Every structure is written in C-alpha cells, then in structure tokens.
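Paired with chain B in one complex and with chain C in the other, chain A is shared by the two complexes that follow.
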Partner chain A sequence: MGFAGRAEEENVSLQFILTVTLNGLTLASLYFIVASGFSLIFGLMRTVNMAHGSLYMVGAYVGFAVYDPLYASDVWASHAWLIGIAAGILAAALVGLFMQVALLGWMQGQELRQALVTIGLSIIIADQLLALFGGNPFRFFTPELLFGPTELPVIGRYPIFRLFQVVLAVAVGIGLWLLLNKTKLGIVVRAGVDDRQMLAACGVNVPLVAATVFALGAGLAGLGGVIGATAQPMALGVDARFLLMSLVVVIVGGMGSIGGTALGALLIGLAEQWGQVLFPTYSVILTFVIMATVLAVWPQGLLGRKPT
Partner chain B sequence: MIMMTSRQWLATAAGVVILLSLPLFLPNFWLVNIFGRAMVYGVVALSLTFLAHYGGFVSLAQTMVAGVAGYAVAMMAPTAIPLGPLAMPYFAAIPLALLAATVAGAIVGMIAVNTREIYLLMITLALAVGLSLFAQSNITWFRGYEGIRNIIGPEVMGLPFRTPLVFYYVALGVAVSMFLLVLYVVRTPFGLVLQAIRDSDRRAAAIGYYVGLHRIASFALAGFIAGWGGVLITFYNIGITPSSIGLWATVAVLIMAVIGGLGHPLGAFIGALIYTVMDTFASSIIGHDRFNTLIGLVFLAIVLLSPDGVWGLGKRLSTALGKRPQVNADRETSL
Partner chain C sequence: MLISRRNTVAWAMGTVAAMFAVTGALAQDGPIRIGSITTLEGPFATGGQDAYRAMEMAFEAIDYTIGGRQIEWIRESSNATPDVALARARKLIEQDEVDIIIGPLSGAEGIALRDYSRTLEGKTIVNGSSGAADTTLRDPSPNFFRFNTEGTQWMAGLGTYAYEEMGSRHVALVAADYAFPYAQVFGFMHEYCELGGAVTKLWSPLNTTDFSSIIAQFPSDVDAVVLIQGGTDALAFLTQYAEVGGDLPIIGGSITADQTLLSARGPHQSLMEGMVAAGPIADLNEDPNWQDFVARYRERWGSEGFDSPSIHAVNYYTNTIAVIQALEEVGGDLSDNQAAFQAALAAAEFTAPTGANVALDHNRQAISDIFLTRIVNDGGTMRTEAFGRTPNVSQTLGMDQDAFMALGSPSRDNPDCPPAR
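Our next item is the complex of A and B:
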C-alpha cells in the first residue's frame, strides 16, 4: 500500500512537471508566431515595429468581426474559424503594408524616428479599435476538429488546441526557414540584411521587397492574434503584453534570427509558466532576470549576429 | 556655473517672475490642473530630454523610474491607505523615495550600458512595462490593481500640500530647480564628457574616460530628476496605481518630450504643457474618448514634419524671420 502510494505520488509530481512544461511550450508557440514577425521585420529593415502588439490586436479584432456573423450562420459555421484566421492575417498585413509604404519606407535608416512613428501609430490603432469594436472581451470558439481534450501519456487529458498551437508554431518556423533559405525572395531578403545598397545596385526593387517582408511580418502578428484569442479571451491591453513579449523574446534570442526567436520564445514561455508555479506574484521578475542576464553576457542575444 | 549671457539670464528671470505671478491672474483650475500638472510631468519628461540630448539615450524607462519614487513614497507615506509596514513621516519618506529612484536609474543604466539607440529603446521599454506588470500582480508591496491611495503629501507651512497655491509653488520650485540643475550639469566636466561620449564613445574612451561609468551616472542623475517628478505626480494624483507607470504612461512622457523637442531642456515643459492642454480640452473638440487618436496624430505629425519638436520649429521659424527664439510667451527663456 505504502509503495503504491509513493509511486502514485511520484506519478503526480512527474505529471505536474510535464504539464507545466507543456503549458510553457504552448505559450512559447504563441510567442514565437508573434515575435517571428517582429524579428523578420527588424532583420531586414532594422525597423523596430512598436506597433507589433497593435497588429496582433488588429488581427484578433478584424478576424472576430468576420468570424462572428459566419459562426452564427448555418452554412458557413464550420469554416468560420479558418475564414476568421484568413481575415485576421489579411487585415494585419494590409495595415502593415500601409505603414511601410506610406510612412516608414521613406525614412529608411532613421531607426529612432521609425520607432517613434510606430509608437504614434500604435496609439492611434489601439484607440480606433476601441472606437470601432468596443472594449468587451471576446473569444473565438475552438473549431470542432481541435475542440476538447485528448489523452496524453503521463499528463492525461490536455486541450487539443494547445497542442495545435505547438504544431502551428513549428509549421511557421519551418515555413519561414524554407522561405528564407530556399526561395528567390529569401535570397533577396538575406542579401538585403547584409547590404541593402548593394542589393539595390544589383537591380532588385528593395522597397517592394521591404513592403512584402513588412506585410508578412505583420500577417504573422495577425495570425498570432486569432490564435491567441482562441486560446484565451481577448481584451484590450494585450497589445502592450505582446509588444513586450516580442521585444523580450527577440532581445533574448537575437534580433533577426528565426532560430534565436524560437529559442527566446521557448525560454520566456517556460520561464513564465514555471515562474507562475514557483513564485506566483514575482514571475514577471524572472523574465527580466533572464533578459538582463542575457544582455550582460551576450549583448547581441543568444543567437544574434555581431553587428558588422 | 550655468553659462548664459546676461540677456538669457534676464529672459530666464522674466520667465520665472511671470510664472511666480501667475496665481494673481489664473483661477485654481489652471494653476493646479494645467500648469501644476504640466510642470510635474514636465520634470519626468525633462529627465528623458536630458538623457536624449546630452547622452544620446532615448530611454523609455524614465516613467518607470518616476514610478519607483512614486511607489516608494506611497509605501512609506504615513497617510497611505492601506498603510504599509514602513510608514514614516514625509520628511523621511521623500528623500528615501528620491534615493530609490536614483538607484533605479543607475540599475537601468547598468542593464542598458552596452546598448544604443533602438536597442536601448527596446530594453528600457521592456523594463518599464515589466515593472508595471509586476506592480499589477504583486499584492504584498504594490497592492495590485488597486495601488496605494490617499498619498496627500506633507503639510507645507501648516497648509495641506493639496492647497492650490502650495502645490503650484512647490511644483514650480522643483521644475525650475531641476531645469537649472540640468543646465548646470551639462557645463560641468562630467556633463562635457557625457556629450563627448554621445558624439564618439570610442574617442572619449581613447582619451581615458570611463565611458560605462559616465553613462550609468547619467542614468542615475536622470533617475534623481525623474524621482522628483514621480513623488509630485503621486501627490497630484493622491496615490499611485500600476497603470500610472504602464505602457501608455510611458508613451505619454515620450510624447511630451518629443512634441516639445528633445533638443533643449525647455522642450520637455513646453511639450508637457501642450499635452496637458490637449488632454484637458480635447473633450470639447472631438470628445474625450478619442483623445488618444488626437494625441497620436499630433505626435505622428510632429515626428514626420518636425522631428525636433515645437522647440525646433520655433527656432527655425525665428531664424527664418530673423528673430530670437520666441516659443512660448510665458516661459520665454533660452540657453
């Protein structure tokens, strides 16, 4: 009896450890999706997009505005979520495209000024979203295929949607890697990271590439918005949280590196979940201890390149 | 020594005299809620302008550092609701709060010491939002969302701090002292080295100056200045909450400094005044709910059209018209 009891106890604690770790992993997946867009934009254009959290909100709000009536209708209900995602990505990408083409493109190189412009935009976007959609929290219903819990070994019942987040993040990561390493656009983007002027001199339409990359990065924020608003209820103020997390993740991981972003997201996601378990009201501090430590030892971030 | 020509001293004196005599003309609302408020927030913006113009650091952690002072004075205030375990008289709590802000400024400086420009902007923003989130989740010391209330400030000459005249003159005294402190410091050997480092840190290091230490010291000094602002803002708001040091509060101070102009310490106060006037009267223009859109558009317009703010705009206008800078009638002074 005693032995059985102890074995069960160990099982419980192992289950607990794995559950918290898996929670951290799923959170890290969401952070990665959002922060990879931030990192992508920064990598090519050296633009710190302070409106990245606002683009996340644009994705969630517009996605929901499209999703909600569809979900209520009989015909479209089963596809509502996917259409919502598409709408969220598209809306965020369009806003991002506008930002780059209308405002940021012609002050290329003035990094601080660009950051200030995006701060101004983030204020306006957040306020306009509040005006258009109101401040009530909302949430996407998980699509039927991804609804409910599933049985995992040791951990037991776990929401399928959270596992889907991990799969999606891996897919985004692989997709970005393929895009950057195996396509013509990727070659151009990587060349642009190294030397924009030379790239332009080679006859590449750099502003067009920049606009494409900005739209892509913004679209990833929009995707994150819909996914995030499906996992947890969406409320105002998340723009600050996701801007903060994007900043911390890329600072820790290294600017402009997809692998670094993944590593940073993993560290921060796990630290946040474990921090909440171990010392509940001080967990935010842990995130910043990690950030300060990384900055002290690796000022470029864990996988960031040294500036040339 | 603060280096000014006699004409500039005269202008400064005239400006101070005008500000001193404002209570004769203006109703209390304008004294406290417009000029008083603009001056206490202007002090925080001043600390940002000091770092940005003389050190080359656009730090977004200044609101957070002011918040450290605000929270410190609130935790130690004898009138606080809920009363903290550290309660002590204001004459002890205020210097300790300023010390806390100075230390916090130095810590921010240490964390950010090897970074410049946008990296610095990102790191200081992360620190700022981080403290606000921490204050929100921590009940033991920061009292979570509720914050700490009833921080009414000490009595000055037997009068409550919140008496309009008392608040106005204390705010004016602090604002002018901090303004003159900045003008003084930038002419000291320390301030000159700081500007040399801003222009070329390698050369300054090659001459033999310890670049990192100068940078950290400038953050500590900016922390001290912001701390004064933080203490007075807490008295002005009769308390402190996490949102008063959050992302939007941080951005508000940045907006003030940029609108006014990062190129001169006076810009901070001009910007704070513009921001305050707009915040107060926006409701009669577009409805108070959409204040953020209005201020965002104004900020955007300034960044796009005149990156050196109203101060720079005024300077360029006056050069074009062949006149001396005349930016704001009641605060006319220049370096």
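Our next item is the complex of A and C:
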C-alpha cells in the first residue's frame, strides 16, 4: 500500500488531514448541488428519474455551447461563465419539464414504468449529445475572480473555486429549506407528498406543482453540470456516475430530506477523498460499503422519515 | 447406360474431389478478406476513428488489390474491453470468414486476442495499437504479430533524461492503476532508479476526476512530477495542479500529451508547455517519411481528421503496411495454413511512417525507435516535438531476455525505489 509506508512520516500532519478533509467537503458540495435536485424529484415527489445524470450532462453541454463562443469574444468574456450557468440551468429545467409533462406525469406511482422510460431517455440523450457535440471532453475555465489559490490557515494554498463550491452548496441548501418550509409552494409540495388526492380535492393544481418541482430539480442538476464541468473535465459517460452518486447520496441521507441529502453528500465526498488516500485501489468500493451499511442499519436512510 | 454400383461410387467421389479442387482454386483467386477491430465506442472512440482513417489510407494506396486479388476489408468495433473484442474477433473469423485480423487498440484486448489466436489454424492476427507488454513477452502466440512498440519500450530514454539532463533526484509519480501504466512506469523507473533516483508512487483509479488529495500527498522534496495518465484524467490533474499554484516540471507518459490535452484551452497550458515525454511518435519530426505521411493524412482527411495523426493512427498504419508488404511478397498466397505469409511477416523489415526502422524479434514483437518529445507552442497550437531518439529499442530494453524476465512483471509494486528516510 502506497500510504502505509509513509503513514508514520511527514505526510500525516495536521495540514495533510485538514487538506484531504477539505477536499472531501468541497467535493461533497458539488454532490449536494446535484443530489438535492434528485432528492426533490425522487425523494419528495417519488418520481423515479433515472435520467438525472443526463440532466446534469445537458446542463453542462448546453451551458458550454453558449459559453464557448462568448468566452472567445472580447466583449462578453467576463460574463461568459455566468451566462453559461444560466443557459445550463434553463436547458436542464426545460428538458426536465418536458419529461414530467409529456412522459412521467401520467405514470405517477408506476415506478417500474418510470424507471424504464427514464433509462431509455438517458440513452437517447447521451447519443444525441454525442451526435451534436462529439466525443471530445471539455471544461469551463474558472472565472478570473475565482481562479487560483488562496492562503488558508494551516492548510496553506487552496483553490478558491473549491471554496466557492461550498458557499454555493450552502446557499442552495438554505434556499431549498426556505422554499420548502417557509413558502406556500413548499407547503403544497409537502402536502402533495402525503396525500395527492386530498390536495387535488382542495383545488390545488397538482400536475402544475409537480411540473414546477421537477423543473426545479432538473435545473439544480443543470447548475451542478456547469459547476461540475468547471471543477472537473466533462465527457460522455459522467451521466451514469452522477446518477449513481445521486442515488447513493439520497438513499444514505434519507428520502426527501434536504438535511439528509447534505449529510449523505458529505459522507460520500469524504469517503471518496479519504479512500483515495488510504487505499487507492479499492476506494471505489467504499461508497457502496457505506450505502450497504446504512441500508442494513437504517433502511429509511440516516435522516429519512420512518414509514407511517 | 450400364454403370456398376462401384463405378457410381467412384464417380461420385471423383466429382466431390473435383469440386473441392475447384473451390480451393477459387478461394486462392477470390478476395483476400481482412477483418479489423478498433474502438469506435467507449473511452478511446476518437482514437479508434483515427486508426481507421490510417488503415483506409494504407488500403487506398494499393487500390485494395494485391497480386491481382481484391482486398475485402470488414470493419468491426469494440469498446476497449477484452470480452467485446473477443466476441467481435469470433464474429470476424466464424461469420465473415476473414483470413487476417488487424487489431485491437487497447492493452487488455490485445491479450484476449493473443490467446484467441492460439486456438485458430491458418489465420493470422496482427496487432492494431494495443501496448501491453505481456501480449508478446510472456507466453507469446505463434500467429500473433505486433509491429508497433509497447508501453515499456515507449519510455526508453526518459528516465535517463530526467536524471541527467533535468537533474531530477526524487519524483512524485501520478499514474492510473491498470496494466498499461504499470508498463510505462516500469520503463521509466528501470532507468531512473538504476541511476539513483527516488520515486514516490501515487496511484489513482482510471477515470479519476478529482486529484486534489493526491496532490496533497506530494512529499515536500520532490523536484518533478511524472504523470502517467491519459485523456480527461491528465487534463483534470494538470488543471487542478495549476489551481493550487503547482509549478514543478512535468514529465509525461506516452499517451499523456494526446489531442485531448493539447487541443483543450485552459490554465493547464502553462504547466504543459515544455513537458517532456517519450513515445513512438511526435507531431513535429523532421524525418521526411513523417513529413510525407502527415501531408498525405491532411490531404486525405482535411478538417475531418486530427490536426496531426494520432498514435493509434500511426500504430494501425504500421501494422497494416506490414500485412500488405508480406501479402505482396507472397503474391497473395495464403495456402498451406498461411505458412508462407506468416514467414514473410516474421521476416519483414521496413520503415514506419515516423521514419523509424521496424523489425521483429523472436516473439514477433517490434524492435523500433523511440522519440523523446517536448511540448512546444507552435504558432498558437500546442504540439509535441521530437528532440531525441533512442534507436532500435527492444522489448527487453536491450537486456538478455532471461535477465529481463527475472525483473518480474510490471505491477503496482514492481519496480520500487522509494526515497531514503
């Protein structure tokens, strides 16, 4: 093991431990942004969406298609990244809206059917992206303001963009919590989760609410796509990775709980980074060990509601 | 007509024999069927596409005819996994009844097809671009030929350059955790450790996108980074290393400086310029053979192809022209279980498009030249430039085969030269 030989040596200093932990935290932030959208759709609305990773990819690809020519022009270069984010969110939200309205809405509650339809969609979307944009990987350039390292106490130089990811994730988390707990829409959504028919009988347009929530969840995937493609290179195939990650995060954290999603993302992000350091060859398995353990001990997830 | 029973039998047998003779002769005059396998799916899809561009050029140059016989080319695709490559090879042999297979592209696929070739009689498999050492080094197959060099050979000269010219004494080695990088790491460390250098190895799974915790593990006294990664992994590492303000010189593997990295814009470019590496090709190479090949490639493919032919294009081309030359030498004669053809292949000696001389060793593995390369900014475009050349690198790196085998198979832990404490 690469690490064991050095375990007693210089590397296991406080600085090293903090750096890897912060890496885990910043990775978890990206995971949280993507998985929170999945949590809204799957956890709250109980719509099985196996195309969540595709929405992530749609956000990144469309965002990049808008961003790239702007970045090359002199006038818009400084705003290109923000416009790219907006385009990514919008594109993913529109695709999500279409999925909910045209396909998934009328098969509410038929989980197997929804799973198959969305798996089919994810294959179609991946092939369309390949046909439209080709197979070359790409990435967004971190905007000037967020590029480069900054000095942190103990840790030393650390990339600003990764810290920005944490800030953004916290903002998304607070925003979602406020939306669900402090607004009328939030009340309606939570009521819809408990009893859809009764809510419809009260005169609420349930399909409209469902479409809005789906678009919001998809938009978050799109936001994650652009952020993710700024932090890491984007290429075909990441859809499966992010779908799997979202599933694991939501299952570990507990269905439909924003706090649970945050906790799940944190666990998985830290596990990935520490796994890479401690046992690089088998680090991939660690995530699934955590999921299996959580499911065995707390079948409803760490912060999930007990079934009533 | 009065024909006895015995006569009838004899007549029937004679007819059958005559029919066999006729079909036998027909097969000798009919088209030569060449099948090929590359990766048009999966992570190396763009490289696979380029491989077929090069093959097409090689066949077009002879107008798909050898010794008056037509060449029928049947293309197949794999996704870089050995089981798929094997299934496609079976399909080519059993359904399409090809005589020769050219392929595959990726390391593990090569080993699978090498094993498959052993079960075939009167068929030949010639490698495409796969570069695992063991395909020809350990347990070679009599009808598997490889005219391209492999991962260990490709690093020839780099360890020495790092130690002697760059003055490096301790490197952090960041490599993907599978067979091909093991071979590359072996090639680098074979020279570097011998000279007295120390290596801190950091392995990452293939398709790692977040290298920040690997970067955090760099010992404080390393003086260079050896990056044995390809495609998006290399891009991710360099960008993240630039983002933490890393400034150590980078030494690359043979597939590190590929088009993915060279054509992508971004902060990694400042680290990349001047990156040295070693491998079988360089974009900028003054050899007239290479100049001619690049000119023909650009003329044939224009904007459809890459800016400069990829490593896979060159490897597939080299293997294809070996097949064509051997077929020409025997006049397209594939009779007698391809004995004459295989003998011609084994004895082949020619010049690859890079200008390197190619000959085979007793395991049917190429001995050829390896270039030292450096990334330069060629008028706004990043390109690799040859600045050194190690001639006739053998698979055992010039060592006696037994002594080389005694070093053991390349792996995560072999070789090893950790820094002294």
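Quick note on the criterion: the second predicted complex is superposed on the first by the 295 of 308 C-alpha atoms of A that agree within 3 Å, B and C clash if a C-alpha of one lies under 4 Å from a C-alpha of the other, contacts with A are read in each partner's own complex, and residues count from 1 in each chain.
The rule is simple: a residue touches a chain if its C-beta (ideal position, glycine included) is under 8 Å from a C-beta of that chain, and two chains touch if they have at least 3 such contacts.
What you see is a predicted model, and the numbers here were worked out from it, not measured in a lab.
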item	value
Which of chain B and chain C A:Gly186 touches, first, second, both or neither	neither
First, second, both or neither for A:Pro207, with chain B first and chain C second	neither
Touching partner for A:Leu116 - first (chain B), second (chain C), both, neither	first
First (chain B), second (chain C), both or neither touched by A:Ile251	first
Touched partner set for A:Ser283, first chain B, second chain C, both or neither	both
First (chain B), second (chain C), both or neither touched by A:Gly105	neither
Chain B and chain C contact sites that coincide on chain A, given as residue numbers	280-281, 283-284
Residues of chain A touching chain C in the complex	2, 5-6, 9-11, 16, 19-20, 23-24, 26-27, 135-139, 141-142, 147-149, 157-159, 161-162, 231-233, 235, 237, 272-274, 276-277, 280-281, 283-284
Contact set on chain A toward chain B in their complex	46, 48, 50, 103, 111-113, 115-117, 119-121, 123-124, 126-128, 131, 240-241, 243-244, 247-248, 251, 280-285, 287-288, 291-292, 295-296, 299
Chain C residues touching chain A - in the complex, by the definition given at the top	43, 45-46, 177, 200-205, 207-210, 212-214, 216-217, 219-220, 231-232, 235-236, 239-240, 243-245, 260, 263-267, 412, 418, 421
Complex interface listing, chain B residues touching chain A	58, 111-112, 114-115, 117-119, 121-123, 125-127, 129-130, 133-134, 137-140, 246-248, 251, 254, 258, 289-290, 292-293, 295-297, 299-300, 303-304, 307
